[in-house]
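Order of writing sets the labels: A, B, C and D. Residues in every chain begin at 1.
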Amino acid sequence: MKKIINDPSTVVAEALRGIELAHGDLLTVIHDPAVILRADAPVQGKVAIISGGGAGHEPLHGGFVGPGMLDAACPGAVFTSPTPDQMQTAVERTDGGAGALFIVKNYTGDVLNFETAAELVETDVRTIVIDDDVAVKDSLYTAGRRGVGGTLPLEKIVGAAADRGDDLDAVLAVAQRVVDNVRSMGMALAAPTVPHVGEPSFDLPDDEMEVGIGIHGEPGRARMPVENADGIVARLLEPILEDLPFTEGDRVLLFTNSMGATPLIELYLAHGIAERLLADRGITVERRLVGPYVTSLEMQGMSLTLLKLDDQMVELWDAPVQTAGLRWGR
Amino acid sequence: MKKIINDPSTVVAEALRGIELAHGDLLTVIHDPAVILRADAPVQGKVAIISGGGAGHEPLHGGFVGPGMLDAACPGAVFTSPTPDQMQTAVERTDGGAGALFIVKNYTGDVLNFETAAELVETDVRTIVIDDDVAVKDSLYTAGRRGVGGTLPLEKIVGAAADRGDDLDAVLAVAQRVVDNVRSMGMALAAPTVPHVGEPSFDLPDDEMEVGIGIHGEPGRARMPVENADGIVARLLEPILEDLPFTEGDRVLLFTNSMGATPLIELYLAHGIAERLLADRGITVERRLVGPYVTSLEMQGMSLTLLKLDDQMVELWDAPVQTAGLRWGR
Amino acid sequence: MGCTAADLVTAIRAVADTVAEHRVELIQLDRAIGDGDHGENLDRGFKAVLTALDAATPDSPAAVLKTVATTLISKVGGAAGPLYGTAFLRASTAVKDRGELEAADVVEALTAALGGVVARGKAELGDKTMVDALDPAVKAATGDSVAAVLSAAADAAEAGAEATVPLVARKGRASYLGERSAGHMDPGARSTMLLLRAFAEVAAR
Amino acid sequence: MGCTAADLVTAIRAVADTVAEHRVELIQLDRAIGDGDHGENLDRGFKAVLTALDAATPDSPAAVLKTVATTLISKVGGAAGPLYGTAFLRASTAVKDRGELEAADVVEALTAALGGVVARGKAELGDKTMVDALDPAVKAATGDSVAAVLSAAADAAEAGAEATVPLVARKGRASYLGERSAGHMDPGARSTMLLLRAFAEVAAR
């Protein structure tokens, strides 16, 4: 394992010190239990938007704390959901009297820990579970789909809704509309290495790729020979389009995401292909985001996320946001 | 080689199509010869700031085209300096009547090609050569130091100077002050793979690192056993501090840069260490930037850049910028 | 001759040692069909439990179990944190008034623990989770001494864990793999068996 | 029996073939002490030269050389683009008025090419660059036929390129490596030798 770290067991704590120093203007970092707060929390009268999850997906979630997006993020150990005391502290420190919304990616660990936290706090808390990964077949008898890239537009749009003054019910309704309209799928050319594991999360021969991977180094749904960019993009896009489905005339946000080690030059190349395929189907890409935003340490690979837009979602997406990871409009 | 590409020879051209589609609001892309222009070029009465270099360093330089930073960027083939016809086109399309400044990283290829371009155009063009890499010993008898991470603060600060209306002489003077006060050094845990080469630029055993690497997969000045984060950061910082030198009481911008595949969690961890080491020496970190900004494809590793600040540089750094890669203040 | 608070602390220490010993094995099992953190998470949790027990010296079996529960909940994270936390919490409640635990108390505690895991995680038998070890353990947990009950439970848990190998996961992270999850033991079932075995061994001394 | 524009086009085609053949070798040489693009850049450049020559059919040796020069300048990039570009440009100027090139013209062209490379790149002999092949080539370029001149030049360039192996680079990208640049042949010296050899072989036919 080659990493710029001191000790696998202190990676998250040390990274939090760096985040605190790097973004003191935007963020306050509580170290025990670990919580990243926007510097001006609590914002009176605003619904507090709180998310969290295992570390290793940066900038998700801490990089999205700030005006227009999250009020707090709870980082767990690497790829491990955070614990209820973190969420509890986050709620206490961000409670502006209008209640709080938990944004939870659909993993058993995350769901159970946020659920426990919701039972512990006095604040009026609602929870939205995001499960946008079409690689996983949903069914009543499974853990359901994972939450992946769709988490970013969810946090952005919901953050903007809270920012403009929507109450808790309204914020939850916006959140639900995003979840209902967002779909993602990812692939990997090489696995990430979790510091305390010390070896890649899965072994992938030089001529194979994993398709339908999650963001925690879980192996994907299928392993297959490596394809070129045209092939990869089509293989990610097709199941997304079929699932919702997205059809001719739809307006969408296209989010082309690097899993970590895939460089921007490849990502832009893939983005261009995805735009062309969507144009061919008469789907209008109205907004786009390209970059490493919902990552999996140094995993090599990419994901595509499509969100079906309406005027309100466009307005909320365009609204100002001022975070370490996403910033526009102010 | 595992990459999301179709054909090594079309990588840059295809990526440019993706960039064009992703950032149509900010940029205009000319495809032959390849030039990325700010969408509203030429800006009348403003000095045009033009940079360029081999592709594979994204977001550098195309990601920094836009209000407050560059007017145009000329992308070469991967890790290969662009050609004079590109710079010539860039000058013609951005000339607002106030002359142009070429920002050139100090590599023989870049210097020669920009030099040739300057001879070809009619516009009043000045050139600033950035050579901030302390890993390379400067001497009259060598190609001199390389331009690396310091290019980003140079482009930001010079862009702001041009934006506020400085004339060509004044812009050049600001540029020179940045070059005189910025120093960098980088290291790699694993090499990048250039698409048309198909194998890593250098082979590095599992227990060794390259220190003093450039941004083109050139091997570094020294290969040595891998160290922990404390060791790596100190090894990068010491030569930087000694070189200028930076001393007690100095105010600095600290730029902690990922070479590509090193994830943010490690980068923030390293950034925290660097801040602590600087505080120990009585050097005040007044501004900071952490992220993958001056990259080398999927190279695993990091670089540190220090810029000694004065009030004017702080003001220019803080000035609004609106580009794909760097955005604040508007 | 029942199990006192002090005996239980001894047993918990043995559990912590077992978890530390099997840390890498649990990581590898989880790496195969999950995200490779199960051993690390439990090890971090039980190390924190030791610290908490050193600091607090709880004076009843129920208090020991509650300290374990709250520590696991706040230190483990992942799926296993709330599940094992709830298990210990329900076990604590089940034996709330006892000064020493007899065989019947242990059966009650195990039954309550299983109830907690199922209430929280909603897994059924055969979903390839820790329930596949804990459920047979509870069914087998009979005997007229604490040692006998735990030994029977551990044996059944071991068989239950083994039996998860061919299963296709329907709950937890392994379920994302679909058919590819077959052929590997569920890490949580394995850790459940290890915990029960450690308890049984201390009780047998 | 001099070298016409058509002969020169034939020679340039041979040069392009040679570059394509040695593309990977030049990449590997450059990978060792540079950034691995030299073979790719030259190959891209000379392929573009072929296209340009097909399109333009220049009618004098000077015009052929000028087409080569401007194409290399706009298609190669890197250090080699402007350096080879300038070399061909100066060579073109040196033989501006000739309808056919005789031995003396070739000597003049080579001398001018060297002058251009040095003017642009400011490398001295021993800096481990293409100058270490081109400079001895010019010095050795004598003979009473074009073929003899080029053959002598190519031989000297080959020796010069070989002699770059032990050198520590003082110019170009390899100079960043300091002492570590020793032990490898300079890719630009090697390509210079390959170009001259290809010219010589066509001339000898």
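Convention: a residue touches a chain if its C-beta (ideal position, glycine included) is under 8 Å from a C-beta of that chain, and two chains touch if they have at least 3 such contacts.
Quick caveat, the model's predicted, so the values are computed rather than measured.
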{"item": "Whole-Å gap between the CA centroids of subunit A and subunit C", "value": "32"}
{"item": "Centroid distance [mean C-alpha coordinates] between subunit C and subunit B, Å", "value": "53"}
{"item": "Computed distance of Cα centres, subunit B from subunit A, in Å", "value": "29"}
{"item": "Contacts with two or more other chains, residues of subunit C listed in rising order", "value": "none"}
{"item": "Subunit B residues counted as touching two or more neighbouring chains", "value": "78"}
{"item": "Chain contact topology (line, ring, star, complete or other)", "value": "line"}
{"item": "Touching pairs among all chains present in the structure", "value": "A-B, A-C, B-D"}
{"item": "Contact footprint of subunit B on subunit D as seen in their complex", "value": "27, 31, 33-37, 40-41, 44, 73-83, 85, 120-121, 127, 170-173, 175-178, 180"}
{"item": "For the subunit A and subunit B complex, residues of the former touching the latter", "value": "2-7, 11-12, 14-22, 55-56, 58-59, 63, 78, 189-190, 206, 209, 226, 228-230, 232, 256, 260-273, 275, 285, 288, 290, 292, 295, 297-298, 300-302, 327-328, 330"}
{"item": "Contact footprint of subunit D on subunit B as seen in their complex", "value": "9, 33, 54, 76-85, 107-109, 112-113, 115-116, 135-137, 141-143, 146, 194, 196-197, 201-202, 214, 216-219, 221"}
